[in-house]
Structures are given as structure tokens and as C-alpha cells.
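The structures considered in this document are given below.
Each of the next two complexes has chain A plus one more chain, namely chain B in the first and chain C in the second.
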Partner chain A sequence: MAAQLALLPMAITVLGVYIGTVLWSLRISFSSSKIFPTNDFVGLAQYQRLFNTERWIVSLQHLVVFGVLFIAACLVLGFLLAVFLDQRVRGENALRTVFLYPYAMSFVATGLVWQWMLNPALGIQSTVRSLGLPGFEFDWIVSQDKVIYTLVIAAVWQASGLVMAVLLAGLRGIDEALWNAARIDGVPRWRYTLSVVLPQLGPAFGTAFVLLAVGVVKVYDVVVAMTQGGPGNASEVPAKFIMDNLFNRANVGLASAASTVMLLTVLALLLPWWYGRTVQSRREVRG
Partner chain B sequence: MSSPTTGRRSRVTPARVGLYALLISSAAFFLLPLYVMLATSLKPMEEIRLGQLFALPLHVTIEPWRQAWASACTGLECRGIQVGFWNSVKIAVPSTIASIFFGALNGYALSFWRVRWAGALFGVLMFGAFVPYQVMMYPLVRSLAAVDLFGTLSGIVLIHTVFGMPVMTLLFRNHYAGVPSELFKAARIDGGGFWRIFFQLMLPMSLPIIAVAVIMQLTNIWNDFLLGLVFAGRENLPMTVQLNNVINTTTGERLYNVNMAATVLTSLLPLAVYLVSGRWFIRGITAGAVKG
Partner chain C sequence: MVRTTLKHLALGAALMAAATAHAQKADVIHWWTSGGESAAVKELADAYTKAGGTWVDAAVAGADNARAAAINRIAGGNPPTAAQFNTSKQYHDVIAAGQLNDIDAVAAKEGWDKWLPKPIVDSIKVNGHYYAVPVNIHNPSWFWYSKSALQKAGVAGEPKTMDEFFAALDKLKAAGLVPLAFGGQSWQEWITFYSLLLDVGGKDAYLKFFKDHDVASVNAEPMRRTLAALKKLHGYVDAGSPGRNWNDATAMVISGKAGFQIMGDWAKGEFGAAKQTAGKEFGCFAGFGPSAPYMVAGDVFVFPKTSAKAVIEAQHKLASVFTSPATQVAFNNKKGSIPVRTDIDSSQMDICAQAGVQAMKDPARQIANPDMLMTPDMVGAVQDVITKFWNGNQSVDDAVKALQGAVKG
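Coming up: the complex of A and B.
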């Protein structure tokens, strides 16, 4: 009895917050709600309107560009850092601390620091110019075409240490005897890393990928802090589109449709991973 | 054939030199923003206007720090970032305690007690960890407003507790899964009830995992922006939200040194937690990677 009572808060959270609010949002997304939710149901009209809204389409495009570059760069950089650190280097602890500290910082602080460093008038651009390269151009943060890449730089700086930590843990789990055997057979180290180590890191890569991908879909703070979605709407992202339509533009129905699309995206990313893990653990049980 | 030095591990080979060169340049990339932040925050504005981002300050001044803490403006109010600091303390401390308590309680009940519907709930809770906040935002605002908790300190604490529940429950469930069930059975035979075993046996045994949980929750909640922005209300805006307001809504000349001092101040607590906790911090990350 006491156990059931103790689990009551969890039950209320799951049913009320995680299931209840999602269903409620879903319901709103099928209605014509503006400032307040109404019971005037309009089918998929909000979804149609959503995908005819240029700002939403642009946000999605930005998210794809940002997501692909961010995840690829984080995985590559994180993998390289982990492999380098795994070579019995001096000062490993200090280096690991340096690579991971940005992850302890908030997205807001990250966005603000990079906003300052990339400031064209006083930041990196002007500094390099005054060092004797007057033609140096690095004004991406105010450029419609390139601002999205500045978000990638800041986010990679913040999160690649996480990939490093996850992969390093995976590397430490690989049997040292494998390398000794490969070395005796005359296999060079890089070849060993590519064909033996990399495949064994599969699950660790999967975990890192999911963590990064879910972060991509939710990306919001760093955009608000660094560019506010600008210049123009050149760095708008879906999470910001939803927040603006919920609280500033009184488009609750449209925002709910957008958030449903966001949820479906997360599920699409998550289910294959979840399925893969389940299959894998079943295999392990069978031996 | 072999000289006496070849057996030593730290031979100076070109590969080794290249390795260190790469590691050191990566470290420089990661440290650069921290250096720029600190250097900028210690310069007077005249030096900043020279556009020498990487130069050390010629005349070190702590005036920007004082201003950032005590007199920087958000809108019409000029009481500095300290307002946000204390708000964040008021939010983070009770939220951390509450979310850890419920996480430990859930983990304990799930691991040792047979409750038929609990497994399914736990599965949904794990999925809940991935639901974007935006999906739940509007219904939560309406629900909290209906019970007069929207825009209050209790409201934001409740929100953090609820959103911290999946990861905390997972953390403690995995921890208790490693506790031998004989121990629990012995406690039962000695007449221990649900709460007594929890408070007098399980919680005291969980101190290391509680430390990991404190590190995770304290940094996560301190660094939160979105939830604080929406749910905390004007009077309780956390430090991250205030920092963003100070920097991105100023009118007139932008005081970059004050801005950077404020940014460092906002990052100080999570950075300190990170530096002090080291490996424990990494344990929290890998636990948060949903290994269930």
C-alpha cells in the first residue's frame, strides 16, 4: 500500500504532465484557437497553414543545416579528441577538463560569448585586420547566408566535449589485448583504430547521436542569446517559432500544430534507437 | 639493435609531436572564449574600442564586475545581476532537493516493491524525458494559472521537479538495481516497513549517487533559460534570463566589459561545480544518456 502511495506523484506526473499535456496540445492543434483554446475544430487546417507559412519552412531548413553540421562536427571532433586522449598522453586529466568545461556552461552564456567574439566591429574580424590583414572578412554573424554557421561554431564548442566523454568511456571498455594481437600482425595504429575500434564504439556513437539530435530539435536558448533569430529571420528555428506564436503572436493553434510536428520528429529519431537497443539486449539475454 | 631508450614509453617521435600539437591547439580553441570573456571583463571601455579582442588588459579594472553585479540595467531597473543570482538560488535549491527526493523514492519503489502498474508508467516516463518542452508548454501554463501557481516561485520549482523526474528516477533505479536484494529481504524480516527501509537504509546507502544527482540537477536548473523565462514570473526571473535581458535589450552604448563580467558571474556556479566534481560530473552525463 505504502509503495503505491509513494508512486502516486510519479503516476500523476506521467498521466497529467507527460500524457495529458501532449494530448491537450494535440487537441488544440486541430482547432482554430488564437489567443485562447476554442472548441471550433478545423481538422488539419492549422497544419496546412503551418506548411504554407514561410517562416516555419525557413526555420525547418535552418534546423536541417544546423543539425547536420552540428552533429557531424561534434561526432568527428569528439571522436578525434577521445582517440588522442586515449594514447597515454601527459596531462590527460587537465586536457579532459578543458575539453568538457563548456558543457557546464549554459547555452545563454555560450551564445553571448560567441556573439561578442564574432562582433564584426570589435571582435575577431577587427583584431585580425589590425594585425596586418586589412582585407580579412569574418562578419558571418551579421550575414544572412552565414549566420547559421556561427550558431554551429558556438554549439560545437559547447557540446563536442560531451561526445568526447561518452566515447572515451567506450574506448576504455575495449580490450587492450586486441591491440597487442593486431600489433603483432603488423597492423598500423590508424588502421586498427578505423577497423577495430570504430565498429566497437557503435553503441557509444548511438548514445552520443541521440543526445545531440534531441538537443538539435529543441535548440532555442543559444539562438535567442546569440542572434535573436536574425538578421531578418536568417537564424530562426522551430522552437523559437513555437514560442513566438504561443506568447507573442497569439497563434496557439498554429503553435500547437508546430509543436506536434516537433514531437513527431523526436519520436522518429528515438524509435529506431530504442528498437535497436531492445533487439540488442534480447540477443544478450539469449547469449 | 635496440638502444637503451627504445623501451621507454615517452619516445619523441614525429607522431607523438603531432599528437601533442593537435591536443594543444584543440585546448586553445576550447579555452579561447573563456580567456576572451575574462580579459574583456577586466578592460575599461577605451581599451575595448581599440578592437584588440585577444590583447591582455593594459589597465586592469574590476569596475565592470562591480557594475555587472550591482548596477547593470534590465529595462528600467538597475540593480545588477545579483537580483537574478538570488532568484536562481531560490529556484535551484528547493528544485534540486525535491527532484532528487522524488527520484530516489521512485527508484526505490520501482526496484524493491512489486507494484503492477509501475513498470508501464516508468516506460512512459522515460519517453517523457525526450518530449520537447514546447509541446507541453501551453497546457502547463494554463493548468498552473488555474491553480494560481503560474509566475510564482512554487510554480517554477514544481515545473523543475516534474521535468527532472525522468532522469532522476532512472539514475536511482539503476543504482538500486545494483543493491543486493538479500539486504532488502533481511530488512523486511527485521520488520522494516516501506518508509523506514527507505529513510534509514536505502537513502544513507545512496550518498554517492545523491552527490551525482546534486551535481546534475544544480547545473541543469541553474543553466535553464526556457522554463525560467516562461514559468518563474517577473519577480523571480533566474540569472540566465536576466543576463540575456541585460545584454540583448540594452539601449544606448553597449558596455561589453560589463556584459562579459555578467556572463562570467552567471557561469561561475556551474563551472565551480564542474571543476570541483570532476569525474562525478561525467558520471552524471553518462547516467543521463538513458541507459535503461
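Coming up: the complex of A and C.
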């Protein structure tokens, strides 16, 4: 009873603040709200307009490309970094800090540095050219087709340290005795890592995946800092569409419809994972 | 007994003092946070303090953020005394929702009808009531150029027509300079588009599109000519332009690496910070020829609805202080913009501002900027079309179709 009482403020906050505001946005998305929320009802008109807006469709496509590449690259790179650090290398603490550092910094600042580095007239391209390779080309950030990959590069740089930390914790939880047994059987280290370690890291990978996936859906700061959605609309993302319409374009109804679509996307990602974990933990209890 | 009475008296006096102080208290939201800007807003605050008020500064960095903060506070029932908006349709929804106080009393007393430029009146006077006080006039479509770059390229003088402008760009290109300093962000592409529509397409085409939202005008010759010119202009920017900030582009003109920039008169602040003087190291013109239209944009303050008499008094005092000739000159000299009234001493201003004041004296030259003529929603839709056209391989025909869709709403 006392425990439940203690949880009450938390429960009220969750119900009132989180669920309440979600329901309110949902309600607004069925209204014709412009600068202020209004109370009328226009059915699915905002959703209709949303999916007839070219910029929104393009944003969704960018999100898929960005999401797949970003999550895959972060998981691979983060895993490799974790395995590397798990070799009890000298200066592990320092290295861990170095790899985690990008995550601790605001993208508003680092995004600008990335923007300058990638700018063909200022950064890598012009530096390499002045070093004696006049034919060198690296102008992805100003190219309509490739700009999205520069966002992936910068975002992976930022987030793979986090994946490393999560996976390193998982690695440290694996019994050393397993390696000793495998070694006696003459199993090479890489084989041991792939067939014994990797399967045991399932939950850690799950956590990392969910963290990254949520980061993908709400990706905003990296875009604003690096490209502002350009050139043209070649790096527009849904969160930026929502922010632009919410404030700049005084279009609260449309922005709410877009946020609702994003919420459904997050739920579609999270529910299978959450369900899987529930089933798994029940199995373990029955064990 | 006597003591308690005294105490009550003292308390009463204190309360009254607090009430009087409160009567003059003005809680003002604005987005002027950069060095030059905060020096300018300090002129407004000082003038208000001198007039007996207490200025409570509520600066919010970033125009979007500041407007969002004002809207949120109005919607949340805790409105500021005054809030900054652009001279535009940004606050017309707020008027329609009945959330702003009118300031007809001040406008009548100071005779706004007589001396305010018409484009500004059209923006702030809705259904016969004044809902905002204008504080400055910015023109977003100035041309800036580096005298040394033009000299190096052998350009004889300031271009007087669009053809001469393109010829100058060609010469700059041949001289190995960046002809047009450009920041490839969608709002800068948007400025370039509407400046060209005014300068290439002409005043009529400009008004048909922005004011009348005339779908047929989009496929007419002036608009097609403008779009072609816009596309042509893209050939004169450097490879590093996408995503560049406007002030980085201005820096290219300052250093003489680039010839021209099309940007609002806030760019003057950058030249000033680099210790350059208008007419000496750099030049400016706001359109081609002596009777070119002068685009009017700028900032206003609106006064959120309240029935508290003290707050209304503060709102009226703000409106009257902001438009007084002395405040107008002091504020605008620091801001880089020009005063909303022409009955002032312009001798202390630089030659660009003087040219602006001169242009504003002729009502036929004044023209409203697109944000005054279109809702933010429609502006956004047009911006999306323009940024795609500027950066992609779209044909003029496709851009025309997309623009027609955008103004249809």
C-alpha cells in the first residue's frame, strides 16, 4: 500500500502530463487550428493535406534511408569499439571517455564544425586539394543526392560511443570461464566472439536499438545545425517539418497530424520489442 | 491602536507605491539579442524608462522562438505587455482570435493615418483598428557590392538595369571571383526570389502573385522570366553556398572575394563591424534606377488583450514612446533600419539609409513585402517550391505548376 502511495505522484504525472498531452495533440490534429488551437472538427482533412504535401513524403523517405544506415552503422561500429575496449587495453578509461564524448556534446555546436569540415570551399575538399591533389572531390553536403549520407556520418560519430558503452556493459557481464573453455577446445577468438559472445548480447543490442530508433524518429538538431534541410529539401526530416509548421508557419493542426503519425511510427517500433521482452521474461520466470 | 493605524497607513502607502510602479511596468518580448540589436533595443528601453516606465526585458533568442513564446503566453493566459512580430500577417490570426488590444487612442492622438507609410498601415490596421506599433522599416532586397571586387573585374559602375547586373556578374566570373555571395538556406533563396520578381518581373507581376494570389499570373511571361533569371543566377554562386549563413556570405563581399550579395539592410551591421563605410569600401542599391520600388518590411510590437487598466496604460505609453521622432532616430541608427516616419533628421545616417529615407518619401515607390501579403502558411508553401527549384534540375514549367499549387492554398 505504502509503495503504491509513493508511486502515485509518478502515476499522476504519467497519466496527466504524458498521456494527456498526447491525447490533446491527437484532438488538435482533427481540428483546423492555425496559430491557436481551436475546438472545431474537420475530420481527417489535416492528414489528407499532410500526405498530399510533397515535403512530408520526401521527409519520410529521408528518415527511412537515414534510419537504416544510421542504426546499422552505429551497431557495427559500437560493437567493434566495445570488443576492442574489452581486450583490457591500456588507457581504457581515457579511450572510453573519448568515444563517449561526442554524445555528451550538443549537436548545435558540433554540427556547425561538421558543416565547415564538409563544406567543399572550406573543409576537407579544399584542404586535400591544397595539399597537392587538385582532382579530389568530397562535396556530398552540397549534393542533393548525397547530403543525407553526411548526416549519417555525423550522427554515427555522435551516437556510436553510446552503443559502445551499452555493449561494453553487456560484454563485462559474460562469464570469463566460457572463454577459457573455448580456448581449451582450440576455438579462435573471432569465432568465439561471433558464436558465443554475440548471442548473449541480445538484450544489450535490443536496448541500443531502441535508443537509436527513438533518436532516428526525432532527429532534428543534426539537420538544423548542418544543412537546415537543404540543399533544397534534400535533407528534410519529419521532426523539422513539424517544428516549422508548429511555430514558423502557424499551422498547429497540420503539425499535430504529423506528430501523431510520428507517434504511431514509434509505437510500431517499440511495441514488438516490448512484447518480445514480456514474453521472454515470462518464459524465464516459468523457466 | 495608533500604532496599528500607522502600520496600516504605511502598508497602504507601500501598496500604493507598488501599484503606481506596477502601472508603468512593461513586460516586453523581443528577439533582439545580437550585439548591435541589443544596443538598439536598449534605446527603446531607455526611452520608456525616461518617460516614467519600468522596462522588464524578456528577450528570447531567435525570431521563431520569441514568437512561439509570445503565443504560448497568450494561449496560457499570462500574456506579456507587448510582443515583437514582423510587419506581416504573422499576428493576424491573433487579432482574429480577439487576443490583441487595439491602440486606436494612441494612433488618433499621434495622427498615424497622416504620416505612416501605407504598406505599414495595411499590415497593422485591421477592420479599421490599429493593432500594432511599427518601430522600423527594413528592406530585405538590397544589393550590396564590394567596390574593390568590381574594380578588379573591370566593372565600370553600379549596374542600372538587370542586364547590366548580369553583365557585371559575367565580368566578375571571368576575373576569377565569386560573382554572387550566396547563403543557400531556404529563407535566403526566398529573398532572392521575391527581389527578382520585383526587379525582373515588375511591380504588377509582383502584386498579382503575392497580393492577389492570382494563379493565372504564375504562368504569365513576367513570372516565367523571373524564374529563368533565378535559375540563371544560380550559375553565379560558388560550390560552397548550400547551407551557408547570410553573414558568412556578407563576409565574402567584405573581403572582396565576392562581388555582390542580395540581402536585407541588416547586412550593414556586418560591414560596420568590419570597419567599412558605405560608399567607400562597399556600395548599395535597393533596386534598379531612380524610381525603383522600395520594399517595406520591419518589426512591430503587438499588445495582448487585457482589461487591467494599468497594463493598458503601459501599452499606450509604449506605443507613443516607440514612435516619437527622437526614439525613432536613436533606435534605427543602431538597428541599421530606417525610421517609420520621414519627418526626422537623416543627416546622421549612412548613405544607404539616406537613400532609403529618400525612397520612402515617394509613396509610389513603397511596396509591401510578401510576408505582409501572404499568410505564413502560404509563404511556407511557396518557399518549399522555390528551394526545390533553386537547388534541383526542375524546369520552369514544373516550377510554375508547383507555384500554382502553392498559391491555390
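Some points to look at:
The working rule: the second predicted complex is superposed on the first by the 273 of 287 C-alpha atoms of A that agree within 3 Å, B and C clash if a C-alpha of one lies under 4 Å from a C-alpha of the other, contacts with A are read in each partner's own complex, and residues count from 1 in each chain.
Definition applied: a residue touches a chain if its C-beta (ideal position, glycine included) is under 8 Å from a C-beta of that chain, and two chains touch if they have at least 3 such contacts.
Worth saying up front: this structure is predicted, and the values here are computed from it rather than measured.
After alignment on the shared chain A, the placement of chain B and chain C results in a clash. In the superposition on chain A, the chain among chain B and chain C reaching more residues of chain A is B. By the touch criterion defined above, A:D221 lies against chain B but remains apart from chain C after alignment on the C-alpha atoms of chain A. In the superposed model, A:D244 lies in contact with chain C only, and not with chain B. Of the two partner chains, chain C is the only one that A:I35 touches; chain B does not reach it.
Of the two partner chains placed by superposition, only chain C is touched by A:P231; chain B is not.
When the shared chain is aligned, chain B and chain C each come close enough to touch A:A121.
With both structures placed on the common chain, the touch criterion links A:G161 to chain B but leaves chain C unconnected. By the touch criterion stated above, A:F70 is placed in contact with neither chain B nor chain C. Once the two complexes are laid over each other on the shared chain, residue contacts for A:S106 go to chain B alone; chain C is not touched. In the superposition on chain A, contact of A:V142 is made with chain C only, not with chain B. Remark: of the candidate stretches 44-52, 152-160, 206-214 or 242-250 in chain C, the one overlapping chain B after superposition on chain A is 242-250. In the superposition on chain A, the residues of chain A contacting both chain B and chain C are 37, 115, 119, 121-122, 228, 246-247. Across the complex, chain B meets chain A through its residues 9-10, 19-20, 22-23, 26-27, 29-34, 36-37, 40, 48-54, 102, 105-106, 109-110, 113-115, 117-118, 121-122, 124-125, 127-128, 130-140, 142-143, 162, 165, 169, 193-195, 198, 219, 222-226, 230, 240-241, 243-244, 247-248, 256, 259-260, 263, 266-267, 270-271, 273-275, 278, 281-282, 285-286, 289-290.
Residue ranges of chain A in contact with chain C, taken from their complex: 34-37, 54-55, 115, 119-122, 139, 141-142, 144, 226-234, 244-251.
The residues of chain A lying in touch with chain B in their complex are 2-4, 6-7, 9-11, 13-14, 17-22, 24-25, 28, 37, 77, 80-81, 84-85, 87-90, 93, 95, 97-109, 112-117, 119, 121-124, 126-127, 129-130, 157, 161-162, 165-166, 169, 207, 210-211, 214, 217-218, 220-221, 224-225, 228, 239, 242-243, 246-247, 252, 255-256, 258-260, 262-263, 266, 270. Listing the residues of chain C that touch chain A in their complex gives 64-65, 67-68, 71, 74-75, 90, 93-94, 97, 99, 184-186, 238-244, 375-377, 379-380, 384, 387-388, 390-392.
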